[in-house]
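Take a look at the structures listed below.
Below, chain A partners chain B and then partners chain C, in two separate complexes.
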Partner chain A sequence: MVALTPTAGAGGLAETQTGGPATSSRRRRRPGIGRGLVLLICGIYFIGPLVGAFWFSIQDKVHGGVQFSAYAHVFSAVGFSDAFMLSLKLGIGTVLISLLLMVPTMLLLHLRAPKFRPVVETLCLMPLVIPPVVLVAGVGVVLAWGPNQLAGTPLQTFLNAIQSGKTPWVLILEYVVLTLPFTYRSLDAGIRSVDIHTLTEAGLNLGAGWGTVTMRILLPSLRTSVLNAAFLSFALVFGEYTVASILQYQPFAVFIVAAGQTEGQLSTSLSLLSLLITWLLLLLISLLGGRNSTKVDI
Partner chain B sequence: MTAQSRAGSSSEWSPARPTADPGQVHELADGSAPIVTLKRRRSYAWLGLTPFFLYIAAFFILPTGTVLFSAFRKTDAGTGVTSFTGSNVSSALHGVYFTGIKNSLTLALITGVVGALVGLVLAWAIVSSTGNVLTRFVSTAAAVLANFGGVPLAFLFIATVGNSGLLTKALADHFHINLNSDLHFDLYGITGLELVYLYFQIPLMVLVITPALEGLKPQWQEAAANLGATRWQYWRHVGAPILAPNVLGAALLLFCSGFSAYATADALTSGAFPLIPLQIHAVISGNVLAGMENLGDALALIMVVIVVPLMVIYQLLQRRTTRWLR
Partner chain C sequence: MSSIALESLDTGTGTTVEFADVHRVFGSTHALDGLDLKVRPGELLALLGPSGCGKTTALRLLAGFDQPDAGSVLVDGEDVSRLPANKRDMGMVFQSYSLFPTMSAVDNVAFGLRLRGRGAGDRRKRAAELLDLVGLSEHLKKFPHQMSGGQQQRVALARALAISPRVLLLDEPLSALDAKVRAQLRDEIRRIQLELGVTTVFVTHDQEEALSMADRVGVMRNGRLEQCAAPAELYQRPETPFVAEFVGTMNRLPGSMVPGGVRLFTQVVAVDGVVPPAGSDVRALLRPEAVLVEPAGGQPGDAIVTTATFFGAVTRLRMTQPDGQEILADVGSHRAADFPAGAQVRISVLDRPVLVRPESEATAGTVPGRA
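Right after this comes the complex of A and B.
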């Protein structure tokens, strides 16, 4: 999506192409006061709460001045490590399952079953349309069938198993659904940017089997988009609140809110950290994508 | 892409056809290795898609469909018989739930429209002042706030303009201004929600509209200028008509995102403010009278009925504009 128009926006390139320096220079001479004002006001609105929250989180309310105890004591806060580990587990589980499900599906879709693409695309983008709170309401209803309508059947055992136990599998299973739009888009963009048909044909003609083609051609050339999908899914799961809190689990985001009832500074510092980590993750993706997008083109 | 429908020579993905298919393996006359091309043929590749369809059916369509179905079901408290009824939906449209729907619609409308306008202007300001590093920083930051903000956003604002927030205290201490009584600002009410929602709505608009703005080719502007058009005329007759469907679509997307948002509002108001997503949570957690168990499903149905058509229109508008902006 970002790479739609590589030349546009630069302005300078067009000048040389069309040979219209007179018109372009008129555009450039504008002082841009309006632009500066817009950036300034929006800058204040967006940076203000960040600075405010940071200052709030390092205030020493007892002695006055500045102290970093809210950050220093993050790891020793009661319940933090449990919540953090749970989020980590959920994130990794979601990434693995969604890649395991979607990478073969997407390859198959592009190479062998393209007529199913509209259906799969619509289904994958649906979780963006249906509000998560609606989905989780439905999950609640289905889970409640276990001890009622489905009592005594293997399905009850299954529904029990995904709810209790060390890993709340029900969250992972639903998070895979919530991350589908991101996974689909990343993988789809990755597959489109490489001419996998030619590569596959070339591989097959050189005597490789489908297994070799998949492992040594397709997956390596999709490396970036697979990583992309993984990071995006992880970021989404890490900050997910709606489903977890309604189903009464306590991963990271739910912990932040729970801590906020008593320790404002702790949840403020955790909020800042969470935004920072997510931002760094996305920055990493953008750097990865930026470097590879020129290489991948054939 | 449709013409590139593929089928391979190997039987790996098509167990029903173990032998090579004459449509795509060409034996050379001299008997050397066959040339493989991936041509269209009747394929059983769709079998490979069954895990995906089963997964979606079990963990997405089943729960969502169940909600929409049970919105019309009611168990009679006396007889224990479950039957079809419109009473859940009708209760969901009255009283405190009507207030919730109204609040949610207002919040989504205001933050959608304001977010779309401010986001459009901001996106224009960012696009027209290019700097590669800055753009990358801003676009990733916008993605964080728009998609992954949720709970943290609430705490940023609580720390800044909440009851014991930094700015609240500073104003009170140094200027004797009370945010609540003097400026009529309440972070935990509708004004506060609007302020916080814009913190993810504006970035969402920037994300969605930036490709469209970048798609406006400089050549168009130059062509217009060379034909004697002023900047205003260019925007009036070229820029605005091309962008209009996109901006409208983005505004719809923002409306839906504001309407569906749960985490920020829940964290900010502890679930107390009457908004439809928060009410769904309250109802399905059991905070209802007997005989109203399916009220939450009815509320969910109302959300779906509002959101889905708008998102369909959004998709159609997006499709319409990609014709020009590529």
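Right after this comes the complex of A and C.
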């Protein structure tokens, strides 16, 4: 009676194997064509405008033909280096504050207070449904109202400090809020993919304190998601226009729009440069995140 | 295996562990409800029980990942109930491997030594020795994702041993592995534990693992210890109906007490332990291997075979008596062909003392539980 079970199983397996190759090769071909088609359409959709923009940026409209003067003038354009450095500063500042704020929060949330996760998630995803223009309008009102109404209090000092000086802290703090959804999602996905509870307990069991567990075990294990969060935040800040423009700062995105009003080819070449920087960042993060990830079948 | 490694290990061979009236409540659930248990120095004690019985909670309290609501956890007589996990010097192997994914095997093993301020050369040497001890000397540089489950668990064992733990804690370390690797690793863990003499607490829900590895097995139920005894004693002389049901498979056959023992079928069998008064109805607890069957030879028998299940060396017969009572018996598989489904059989029992329980304790005719 019992011996029948393996026999039936073996028979079933034999049938599968007999009919398998032809079926599987048919199955394999179809998605191949489908994938190629999707890739082609996506490729045209994404690369087409870039090729068009590049073609526009190198056209010699006076003499005809091709010239690269727009690219030659990019780095010497008036205001370029200031705008670029400001965007770099904003990006780095936003990434650092976001990670310093969110990494410990997310770890604590998952390890110690999982019941608060829905609340924090809702708060962090708010910027997705509140348009930046609404957010900046609110900030503008507070910045205008605060220093007068809160005179003599530490809050007044704070509100003045974030608007003055070479570093526009008000923009960085605003960007930290704007990038919260991306930081939250990246970190959350990373934490869910790693068994941080057991890793933490394993670390504690071996004698590590909470600091060592976080710095030597958890953060390295979450490297890819931390890098993803950093990249997304940086890319968002680098291309952000609305908030900076309304608050009358001129980072790279605002500079590109301003340049486009006087010189279209320069503006286009700057946009392509901006994309190139973003891609290079992505590549760098892929390289960093991909280390030690070689899969070996045992 | 390296003899150097064994010599250099200074494990807690003399460590005793005691749970003294430990309670732990989660909401309305009493995970531990007055647990009293002593682990002797150098022994491997298995905590066995169904899901939710409190065995993992007990281990976590001992590891320091949780604290008791009442009672004490004592290690060598010292109350460690409030001592943080990272101050307890206990090596733990988790069910889910829990190797640090960004560290190689040797770095994983050396991690605890690094925290203890050991020099780089020293800790690398010791980690290599321990990996040799668990048979992974060829895999020092491999990362966890480059190793099989069995290899990862060996590294986890080496890592736990590297810190010379006072007590080794094993939290279902084999349950994620396939049967062959599980059996292999089970033997290795026991070999290493015996060679090092480290006091070990092993949590499992697999009775085969518990019975084959442990010096003593503590069977838990609803946060309490039902019985703690050597595997053979637990198997042969279960003290409670639950233990009888949970450990192995047990028939509970109705019988009546007569002078000299209990009447079962046509036999009178001596009673082991407390003997109920003559004339009372009892249930005799009999393992399937203690039930003997013979073909009835075309005559009406004591029961009819309903199913036969092949277990390799033995085949388990499930039979039904005319009154509907089910009974299980193990026969050598070479004899299985004599007992096809529907065959009439004659039943007797091994002539050795049996445990009996008052009829009032019985809840079912047979305990068809686990193999």
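Basically, the second predicted complex is superposed on the first by the 223 of 298 C-alpha atoms of A that agree within 3 Å, B and C clash if a C-alpha of one lies under 4 Å from a C-alpha of the other, contacts with A are read in each partner's own complex, and residues count from 1 in each chain.
Keep in mind that, in the parts below, contacts are C-beta pairs under 8 Å (C-beta built on N, C-alpha and C of every residue); 3 or more make two chains touch, one makes a residue touch a chain.
All figures in this text were calculated on a predicted structure; none of them were measured in a lab.
When the shared chain is aligned, chain C comes close enough to touch A:199, but chain B does not.
Contact with chain C, but none with chain B, is seen for A:221 once the two complexes are overlaid on the shared chain. Touch criterion met: A:38 reaches chain B, while chain C stays clear of it.
In the superposition on chain A, contact of A:207 is made with both chain B and chain C. Between chain B and chain C, the partner in contact with more residues of chain A is B. Touch criterion met: A:176 reaches chain B, while chain C stays clear of it.
Residue contacts after overlaying the shared chain place A:114 against chain B, while chain C stays out of touching range.
In the superposition on the C-alpha atoms of chain A, the part of chain A touched by chain B in one complex and by chain C in the other spans residues 1-2, 201, 204-205, 207, 209. By the touch rule above, chain C contacts chain A in their complex via residues 63-65, 84-92, 94, 96, 98-102, 111-112, 115-116, 142-143, 145-148, 151, 159-160, 163, 307-310, 315, 341. Those residues of chain A that touch chain C in the complex are listed here as 1-3, 194-195, 198-199, 201-209, 212, 217, 220-221, 223, 292-296, 298. The residues of chain A lying in touch with chain B in their complex are 1-2, 4-5, 8-11, 13-15, 17-18, 20, 23-24, 26-27, 32, 34-35, 38-39, 42, 45-46, 48-50, 52-53, 55-57, 59, 101-102, 104-105, 108-117, 120, 123, 126-135, 137-142, 173-174, 176-177, 197, 200-201, 204-205, 207, 209-211, 235-236, 238-242, 245-246, 253, 256-257, 260, 264, 267-268, 270-272, 274-275, 278-279, 282-283, 285-287, 290.
In the complex of the two chains, the chain B residues touching chain A come out as 1-2, 4-10, 12-13, 33, 35-38, 43, 45-46, 48-49, 51-53, 55-56, 59-60, 62-67, 70, 118, 121-122, 124-130, 136-137, 139-141, 143-145, 147-161, 164-167, 198-199, 202, 211, 213-219, 221-223, 225-226, 231, 256, 259-260, 262-263, 266-267, 277, 280-281, 284-285, 296-297, 300, 303-304, 307-308, 311, 325-326.
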